[in-house]
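Naming follows writing order (A, B, C and D), and every chain is counted from residue 1.
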Amino acid sequence: SDEGVLLVHGEDRPGLVRAISSALSENGANIVSLDQHTDDPEGGRFFQRTVFHVNDYAAVRPALEESLAKLLGKGLGLTWTLSDRSVPKRVAILASTSDHCLLDLLWRQRRGEIAMTVPLVIANHTDVADDVRSFGIPFVHVPSGGVDKSAAEARIVELLKGNVDLVVLARYMQILSGDFLEQIGVPVINIHHSFLPAFIGAGPYRKAKERGVKLIGATAHYVTQDLDEGPIIEQDVVRVTHSDTAADLQRRGADVERAVLARAVTWHCQDRVMRNGRETVVF
Amino acid sequence: SDEGVLLVHGEDRPGLVRAISSALSENGANIVSLDQHTDDPEGGRFFQRTVFHVNDYAAVRPALEESLAKLLGKGLGLTWTLSDRSVPKRVAILASTSDHCLLDLLWRQRRGEIAMTVPLVIANHTDVADDVRSFGIPFVHVPSGGVDKSAAEARIVELLKGNVDLVVLARYMQILSGDFLEQIGVPVINIHHSFLPAFIGAGPYRKAKERGVKLIGATAHYVTQDLDEGPIIEQDVVRVTHSDTAADLQRRGADVERAVLARAVTWHCQDRVMRNGRETVVF
Amino acid sequence: SDEGVLLVHGEDRPGLVRAISSALSENGANIVSLDQHTDDPEGGRFFQRTVFHVNDYAAVRPALEESLAKLLGKGLGLTWTLSDRSVPKRVAILASTSDHCLLDLLWRQRRGEIAMTVPLVIANHTDVADDVRSFGIPFVHVPSGGVDKSAAEARIVELLKGNVDLVVLARYMQILSGDFLEQIGVPVINIHHSFLPAFIGAGPYRKAKERGVKLIGATAHYVTQDLDEGPIIEQDVVRVTHSDTAADLQRRGADVERAVLARAVTWHCQDRVMRNGRETVVF
Amino acid sequence: SDEGVLLVHGEDRPGLVRAISSALSENGANIVSLDQHTDDPEGGRFFQRTVFHVNDYAAVRPALEESLAKLLGKGLGLTWTLSDRSVPKRVAILASTSDHCLLDLLWRQRRGEIAMTVPLVIANHTDVADDVRSFGIPFVHVPSGGVDKSAAEARIVELLKGNVDLVVLARYMQILSGDFLEQIGVPVINIHHSFLPAFIGAGPYRKAKERGVKLIGATAHYVTQDLDEGPIIEQDVVRVTHSDTAADLQRRGADVERAVLARAVTWHCQDRVMRNGRETVVF
């Protein structure tokens, strides 16, 4: 489709929009849509997402990268990434026994709703194997391995390293080590089954029932070493009442979980999400 | 209007609905609507709200009370309250410097949306005095009195005791003592400016901004001695983005606060809310 | 589970709740939850849903039916249905080429979220055949047959008549004749891809884009002879913006469609929905 | 605050973002946020909103206007408006007997939530006069004048022409002539008490009750000569049930009306809304 996305972030200073649009313009690219945000008008950080169209993008790309490197990379200290909308992200999904988040992602991928391919699904149980394979996607069983999870993590790194651009935890229910996150080297998105920071940790639906809340929620976030503390990409809630049991909350929560995770993954694959410390900018 | 509301709760056992409907029927009352809930089919607690119509309710009421006392009060160990829909609840509002929750309640009261009268507004500052008086409602200034709040609390009890059926804290921003709650002897509803149990305590909007949440909320709850732990009546949220500052969150949160508090007070005044330990049943 | 649901509706008159609860009580049934509604306090219609528990329901049922027939059937002119919560509804799904509503229902059925079995899926195209069969559910292809649809309808009636309690149109895209509705003899639920009564008829997403609406929706309703005019069971909406194309609206609308249809079918199968002329009562 | 907003729209062509950011940059302005939209990548229309900061805006403005006129006005055929964020819009509000939308706007204006001043409120009844004056805002009574509304319209034009930047119909309930719209020469925003295009015309809540919808809504739109057909700025809905009467719908709808109108007016006053034929672009 000859469309690309350019993400730029760094210290704000005058003239950045002009510099970026000039670099695109000089390489024959026409801006299709542009979102820009500065988190503080004085001395803040600059974020920009630009979707552009250019004839024969593959051929033009090296020159464009050179222009951008000249303009953005040096004195200005900006970070930038360039992507091609015709190239879907390669996404591995890690699951456990629950199927709702996993199947929703696979089904949306099949419908063409998410700009991704799924080269592999890994789970620490085999419950979802048949469903995954019915989508024509390979399934690999990597048991968690009890207390010492390093062997399991090493196996996963071996399978995924260099092969994927994103890892999605679709109710994987295992805590990943800092070591793993470092080695895998790509972003990891998790779905937490509560409206964070409410009900951090295990058993959020039971806790929600005990506290008598009137809404339950789900949170998709990038995984960091601090459990349930990573930058939030998306959240949503659903109304519950006194007549809902803890099992009802879990059932209704499952709908929010899969919707929230699907939106987070979709946006990430569209290069709409940029990290800003503990926050995200979602264009 | 000759309509009444009967609330009954207690230990569940067979035949309760029949016993209650018989008592009403025998006194010439026709059930207009009925909601019943048992929180556990085996050995749970029973909750019922019945709206009924009866000709000349004022005249019939003593006989009805006697029937109910016979049926429900003794062996069954049930608790019940009977009210008259033509008699609005008497509600005192406690405020501080913010006007949004207070004015919204007064507007709705004037429009006839909430079945209440407001005999008095008390605040620990005088900012809202003129607005309150423009509604023809008395305003009394009771300064908080620094560290020792007992004098202020005693003054409020003196003003309200016996004169009101409900106290509403419309962003009152003062913590009430257990002593006060006991002496005032009527329910107290508070609006907390976060989606509890997230961001308990002070400064929730600042904390929400720092955590980078994508939704902010508000919670109306009955006040108990445990701060921010009382039974939740109503909650709601609104979507925010990275471009919202902490001040934006506060502004958008104010809209949710006033909406949530108005719903909680409306439902309480319609006798729709029953406490069940740390939870509420809202019919 | 020995739980049953009793639905009663008809002309309102004093004593109905008492009569129904007495009939249940006399047959040893304990009321678990009860919802009652009268659409007009004077001369209105009466609606009641009662969930009850009774030991050995199957054995007690004939006597209970006799009691109810005596109490409700004759003089009072009420209509009532009795069901057993341990017996799922038998639901046939009619589809066309779209899979989103169909698969969501089948997933939920497999997860145990909807109290139904699906003995058969019929479609006028074969696109969804493999997916349906992967759930172990029979698929039958009944082509629409051009202008004269009577042969196709006759074939569907032949397959379903007497075998199902409900027919669900999961984006079936064919208009069913009054004749068909009469012969099939069970309720038919349809999902319309707009927030009715906005955008009645074909192409609602295109029309929504042209009109520049900021929310799009979906509507689940019982099918009647008047197209898009049947009693509404459930509706919901999702926010859209100027940057969404008509194709985006269709994609986002698909999420609302499947959620709304799933809720409507779930509630119908829980005996929560009662018709009241052009409206529904949903308890 | 030395911040300005530049809105540009017109035929899309390569290099527009660069040209605009250059013009700003050359005049010492730093871009604070930028939103850009093209409604069709091939031959579509271009929309851009740029918020910029420049030292001593008042002094720089003439030079900036000249640069923009050179760049945008001529060959490119673009339309642009420049505004100063420190100058609030002057907004007249037209009301009738309902106070909910009117008071909400005045209260938000007083809180500093909407970047507007309200030099005048006009109503065709006197019910709201005291409330308006309690905000220190002049109230003028202009009776509608029966069948021939031209005298009333002439009086309103006389009062407002040249004095305001926007007219808001806060449940004004009178249809304005095309003549009036032309003479007044500024945008007019109306709040319609339904989710357009459902329930066009009078009595939407009654119609909604008769149709048995499960959500009711409100729509804020620019007024054009075609009644209820103007470009939609904002819409929202609220859930209702079978137990809500038409009066309940009206009451609950009032909450949506005031929220939707407040958002539309706030966005307009922030220069966030651009017309695109029958649609709006809301940045």
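One rule holds for everything that comes next: contacts are C-beta pairs under 8 Å (C-beta built on N, C-alpha and C of every residue); 3 or more make two chains touch, one makes a residue touch a chain.
As the structure is a prediction and not an experimental result, all values here were calculated from the model.
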Given chain C and chain D, the chains that contact each of them | A, B
Specify the chain most distant from chain A by Cα centroid.
-> B
When chain B meets its copy chain C, do both sides use mostly the same residue numbers (more than half shared) or mostly different ones?
-> same
Calculate how many whole Å lie between the centre of chain A and the centre of chain B, each centre taken as the average of the chain's C-alpha atoms.
-> 42
Would you kindly tell me how far, in whole Å, the mean C-alpha position of chain C lies from that of chain A?
-> 37
Touching two or more other chains - residues of chain D = 33, 37, 243
Considering the complex alone, what residue numbers of chain C touch chain B?
-> 3, 13-18, 21-22, 24-25, 28, 30-38, 41, 48, 53
Under the touch definition given earlier, write down the residues of chain A that touch chain B in their complex.
-> 37, 39, 195-199, 210-215, 217, 231-237, 241-243, 276, 278-282
Can you list the chain C residues touching chain A in their complex?
-> 33, 99-100, 103, 107, 111, 113, 134, 243, 251, 255, 259
